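Attaching a single structure in C-alpha cells format; questions to follow.
We call the chains A, B, C and D, going by the order they appear; numbering starts again at 1 in every chain.
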Amino acid sequence: MIQKKNNIRDDFPIFKNHPELVYLDSTATTQKPKAVINAMTAFVSDDYATINRGIYSLSYHATQKCLAARKAVQNFINAKSEKEVVFVKGTTEAINIIANSYLNHVITDSDSILLSDMEHHANIVPWQQIVSPNQIKVCNITNSGELDWDDFKKKCQNNPKLISLTHVSNVLGTINPIKELIAYAREHTDAIIVIDGAQAVGHMAVDVQDLDCDFYCFSAHKLYGPTGIGVLYGKYELLDEMTPYQTGGDMIELVSFEQSTFTKPPAKFEAGTPAIMEIMGLHACINYISTIGFKHIQEIEYSLYEQLINEVQSLKDFTIHGESNHKAAILSFSIKDIHPHDIGTIMDQEHIAIRVGHHCAQPLMKRLAVPATARISIGCYNTSEDISKCVTALKKVVDFFK
Amino acid sequence: MSLNKLYEQMILEHNKNPRNFKKVDPCTHSSHGHNPLCGDDYVVSIRVKDGIIDDIGFEGMGCAISKASGSLMTETLIGKPIDFVLDTKDKFINLVTEDDAVNENLGKLVVFEGVKKYPVRVKCAALVWRALEDALINTSSNNNTVTTE
Amino acid sequence: MIQKKNNIRDDFPIFKNHPELVYLDSTATTQKPKAVINAMTAFVSDDYATINRGIYSLSYHATQKCLAARKAVQNFINAKSEKEVVFVKGTTEAINIIANSYLNHVITDSDSILLSDMEHHANIVPWQQIVSPNQIKVCNITNSGELDWDDFKKKCQNNPKLISLTHVSNVLGTINPIKELIAYAREHTDAIIVIDGAQAVGHMAVDVQDLDCDFYCFSAHKLYGPTGIGVLYGKYELLDEMTPYQTGGDMIELVSFEQSTFTKPPAKFEAGTPAIMEIMGLHACINYISTIGFKHIQEIEYSLYEQLINEVQSLKDFTIHGESNHKAAILSFSIKDIHPHDIGTIMDQEHIAIRVGHHCAQPLMKRLAVPATARISIGCYNTSEDISKCVTALKKVVDFFK
Amino acid sequence: MSLNKLYEQMILEHNKNPRNFKKVDPCTHSSHGHNPLCGDDYVVSIRVKDGIIDDIGFEGMGCAISKASGSLMTETLIGKPIDFVLDTKDKFINLVTEDDAVNENLGKLVVFEGVKKYPVRVKCAALVWRALEDALINTSSNNNTVTTE
C-alpha cells in the first residue's frame, strides 16, 4: 500500500508554512503537531504557575497536570508506577544520570561494561567519564548492520556490570531484538540493563515491563513533542538506591548547612523548577501519538520506506548502510565519489532536508569505513510525494557529479 | 539560486582531478585541517625556500568544495612569496565570507565566490586555507591540527 | 506615583483568561507575555529544525537564531563574548555545573567556601555535595535582613576558595551590594565569585563585567520567559579550564571507544539536543524586557511596593521579614498566631496567589525563627488594584482568625 | 465555596485551644510527623495499656487545620481500643480524600469533611493521623518520623 495522501501532514503547521518542504530528518528531531503547540500555548496562556510548592489553586492545578503527564508517560511505556518516570532534559541527560548516580557508585576497576558498535555518542561518552577505556567492551555488528549475537554472547561471559544498547540505531535503522538480548543477559549476567530508546518511542509501542530493562531513556523532541524534556525510566528500587544527580530546590526534605536530606524518586532527580510547559507538551505528544496509533504510524512509515528502497534501486553506485530485516524507516547511504556534504547541499536546493555527517556515531562511521553518510529518515507526516521528490533529487545529484 | 554558482565547472573539474594531491617530502611546514562535523580531513604540507613556496601539496578527503579548494589553492600558491600567500589567504577568506569583498588579484580563486551564498559550506572552502595559515604561522611545531566547525 | 492602570498587563494572556486573578508570586515564576508565547509558537510552526548539525537551510537558520539569542543574552548581561553564555536548564543546573566542573577540581580539604544565611537551597545543596559541612562558612545577616559586612570581612580572612551569594534574596527581597562585596573579596581573597542572579535579572540591569563576578546564573522562567532554559555566564578562561559536565552529542570533537575529545565553551557544556524552542523564548523575553525598559519596570514595581508597605501598616500583629533599604518588590511576612498555610488558603479563596512556606530557604527560616513565611512578590504586570485587593484579603485573614 | 466549610467553627476553636497538646510520658508509642513543604511538625505520643489508648497527646506546630486535627484526634481516641483507633484512622483518611466517603461513626471528626474540597490542605488534616499510624504500626522503634508532602 502506497500512501497517496497523508492527512496527518495537515496536523503540522510547518508544512502549511513551507509547502515546498520535504522533511526527511525526523531521526534528528521531529516536527510538532498543532495539538502539541496548542497544549503548550494554552497552558502558558491560561494555567501557568509553578508546581509542587504553591498553595493557591493555579499552582495546585498545574501540579495535578504534571502528575497527569507523569501518569500518561507511565502508561505510554507501561511502567509499574508513575514514580518510575523521571522528567529530564532528554536522552543525553538521562544517560548521564545513570552514569553518575548509578554506575559511578557500583563499578570497580575489575568490572567492565558492554556497549555496541552502533551507539550514539550519548550512549558512549557519558560512560567514558566513569570507566577507563579498557573497561568498555563493544559488541560487534554484522555486515548487514545487526548486533552480532555470537559476539554478544561471548562478551556476556565477562559478566559486565552494565549493558547499554540502543533500541533502534539512528544510522542503520536496525531495530535491535532487545527483548531477547535482555532475556539472554538476565540469564547469563548480573548486568544492569540500559536501553537508549531515543529512536524507538516515536515509532513502536514500548513496554518496559515486558522488555524487563532496568532503565529506558528517551527525548520528547523525537516524539513530535517539545525540546527541553525527556524521560528517564528506572525500576523504582534502582532509582531509590541511587544518589541524587543535580541538587537544589524541590528535591530536598530538609536543608541545613550541616546536612541535607533528599526526597524519594522521582523528585530526588528533579532539582529546581521543572520544565513545566514542556511537560504539558510531552503529555500532548503522547496523546497525539496514541490517537493516531502505532499501527497506523507504522503503516505509513513502512510503506514509504518500501517505496524509497524500491526507487533507489535505479541509482548507480548507491550503497545502503544497514540492511537488517528489522528496520525502522531510516536509510543511510553513500554514493560513490560524491561526498555526503555535497549531496546534502544539492538536496537542500530542492527543499529536501536530509542529514549528512557522522550522526553522532563516529565509532560506527569507522566500522562502516566511511567519513560520513547521508541519511533519509521518515516520520508519520511524510508522503509518497516526499519520497518521489527525494529520489528525483538524488538522481540529480548523481547526474550533477557524473 | 542556481547550483552552478556554487559548483562552478572549474570546481567540479578540480574535484575530479585535484592538483598537487600529495605530501610534500621533505617539507618545512605542515598542518592537519579537520572539520569534525562532516569529516573533511586534509594535511597541507609546504616546503618554503628563501621566502618562496617551493612546493605545496594537500592530501586527505572531503567534499567537492574542500577538495577543489585544496587543488586551486596549491596551484595558485606554488612558487609565490610568503607575503603574497598570506595576503591571498586573507583575500580568499574575505571572498567567501564578506558581502562586499573585493576579488581583485584572486585569479581562478574567484570561482569560490558562490560559496558565500551557502554559509554552511564556507568552512569547506576555507578548511585548507586555515590549515595553510596554521602551518605557516605556527612554524615551531611541525604537526599541527586546526579544527573548523 | 501610584500605578492606576498598567498597560503591560494586557500583554499577558493569563490575565485575560483569569480576570479575577491577582498574581503575586512572580518570585516563584513569572507569567509569560504574548510576545514570548508567540515567538515560540512561530518558531515551532514555521522554522523548527535541529541546530548545529544540519546542512539544510531550515537547520542553518535555526542555528543562526540560536546564535542570535546567545548574542542577545551577551548584550543583556554585558558579557565580553557570546562564548561566555552557556545555555542551561535553569539556575539550579548552572550552580550544579560550577560545583561539579569547577569547584570539585580545585578544592582541597583545607579550603573553605563562603555562602550566606539568605541563600536559596539551589545555592547551598550543590556545594554540600562537593565539600564537607565544616568547609562551608556562612555569612550572617543583620536583623534588617542585610548581609553583615563585618562578618563578611571577617570570613574573607579565611581566603575562601569560592564565594557564592545571591544577588537578590527571594525571601527578604534584599538587594545585596554585590559590586562592593565582590570588590572587597577581590582585594582580600583569591576566591572565585559566583552570583545567583535568579531574582535579579528580571528587575534590574546586570552588567557582569562591571560587577566583575566570575559566574552569574539565572533562569528564564523568572524573566517572563519559558521554563526549561537558563543561563550560566562564566568568564571564558574559567569555562575553558573546566571539565565538561554532561557529555554526549554536540559537545565532542572526536569520539572513539578509546578516547573522546571535547569542543570549546559554550558547546562543551551543552551536550545533547538543546532546548531550541526555549532558546527562542529566552531571546523573546529579553527583547520584551528591553522594550519596556528596567526604568519603567522599576517605577511600576517600586510604586506598588510602596503602596503595599503603606497599606499593611494598618494590619495588627503583622511582622515584615527583611527591611533593607535596598529591596526588590518582595514582601515576606508573618501574622501572629496565624499559620502562613492558613493565610495562603484564605487568600486563594479571594483569587490572590501568594506563596507560603519555606521558599526553599530553610536555613533562613531558622535564622528568622519561623517555620515558614507568607510572601507577596510583585511583577511588572501588577496593578494598584492588585495591591488593594491583596491588603483587603489580608484584613479578612486577620478578622477570620480573631 | 465558603471558607466556613473548611474552617468550621469547631476547627477554629480547637486551633485556638488544642486539647491534649502535650507529650505523654511515659509513652509506649510515638512518631514524628513532618510536612517539609509548609513546616507542619508534630510529635504524637501514645500510651497503650491492655489494648486500650490509655493516654495520647500531640505537640509541635503547624496550621489551623493540622492543629485542630491533632486536638480532635486525641480527644476522639483517648480510652478507645486499638481496633477502633485504626478503623477510625482509615475512615478519617477516607473522609478527607474520597468523594463518596461514608462518614458514619466519626463523631465530631466530620467537621473535617470540607477539607476534601481543598486538596492542598488534605495533608494538613492527615498529618497527625499518619504519625499515629506510624507510631502504632512501627511499634518496634520508638522514634519514627513520617513525612507527607
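Just so it is clear, contacts are C-beta pairs under 8 Å (C-beta built on N, C-alpha and C of every residue); 3 or more make two chains touch, one makes a residue touch a chain.
These numbers come from a predicted model, not from an experiment.
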item: Distance in touch steps, counted as few as possible, from chain B out to chain D; value: 2
item: Inter-chain centre distance, chain A versus chain B - centres from mean C-alpha coordinates, in Å; value: 38
item: Chain centre separation (chain A, chain C; CA means) in Å; value: 32
item: Separation of chain A from chain D, taking each centre as the mean of its C-alpha atoms, in whole Å; value: 47
item: Chain A: positions in contact with at least two other chains; value: 53, 55, 252, 254, 341, 345, 356-357
item: Junction residues of chain B, two or more chains touched; value: 36-38, 120
item: Contact pairs between chains, per stated definition; value: A-B, A-C, A-D, B-C, C-D
item: Contacting residues of chain A [partner chain D, same complex]; value: 52-53, 55, 60, 64, 252-254, 263
item: Interfacial residue positions of chain C with respect to chain A in the complex; value: 13-14, 17-18, 21, 23, 25, 28-29, 31-32, 37, 40-41, 44-46, 48-50, 53-59, 89-93, 95-96, 115, 120-122, 124-126, 128-129, 133, 136, 138, 219, 221, 226-229, 244, 246-250, 252, 254-260, 271-278, 341, 344-345, 347-348, 352-357, 360, 362-363, 366
item: Chain C to chain D touching residues, read off their complex; value: 338-342, 345-346, 349, 356-358, 365, 371-372, 400-401
item: Contact set on chain D toward chain A in their complex; value: 36-38, 119-120, 147, 149
item: Contact footprint of chain A on chain B as seen in their complex; value: 1, 3, 6-7, 12, 15, 36-41, 61-65, 118, 120-121, 124
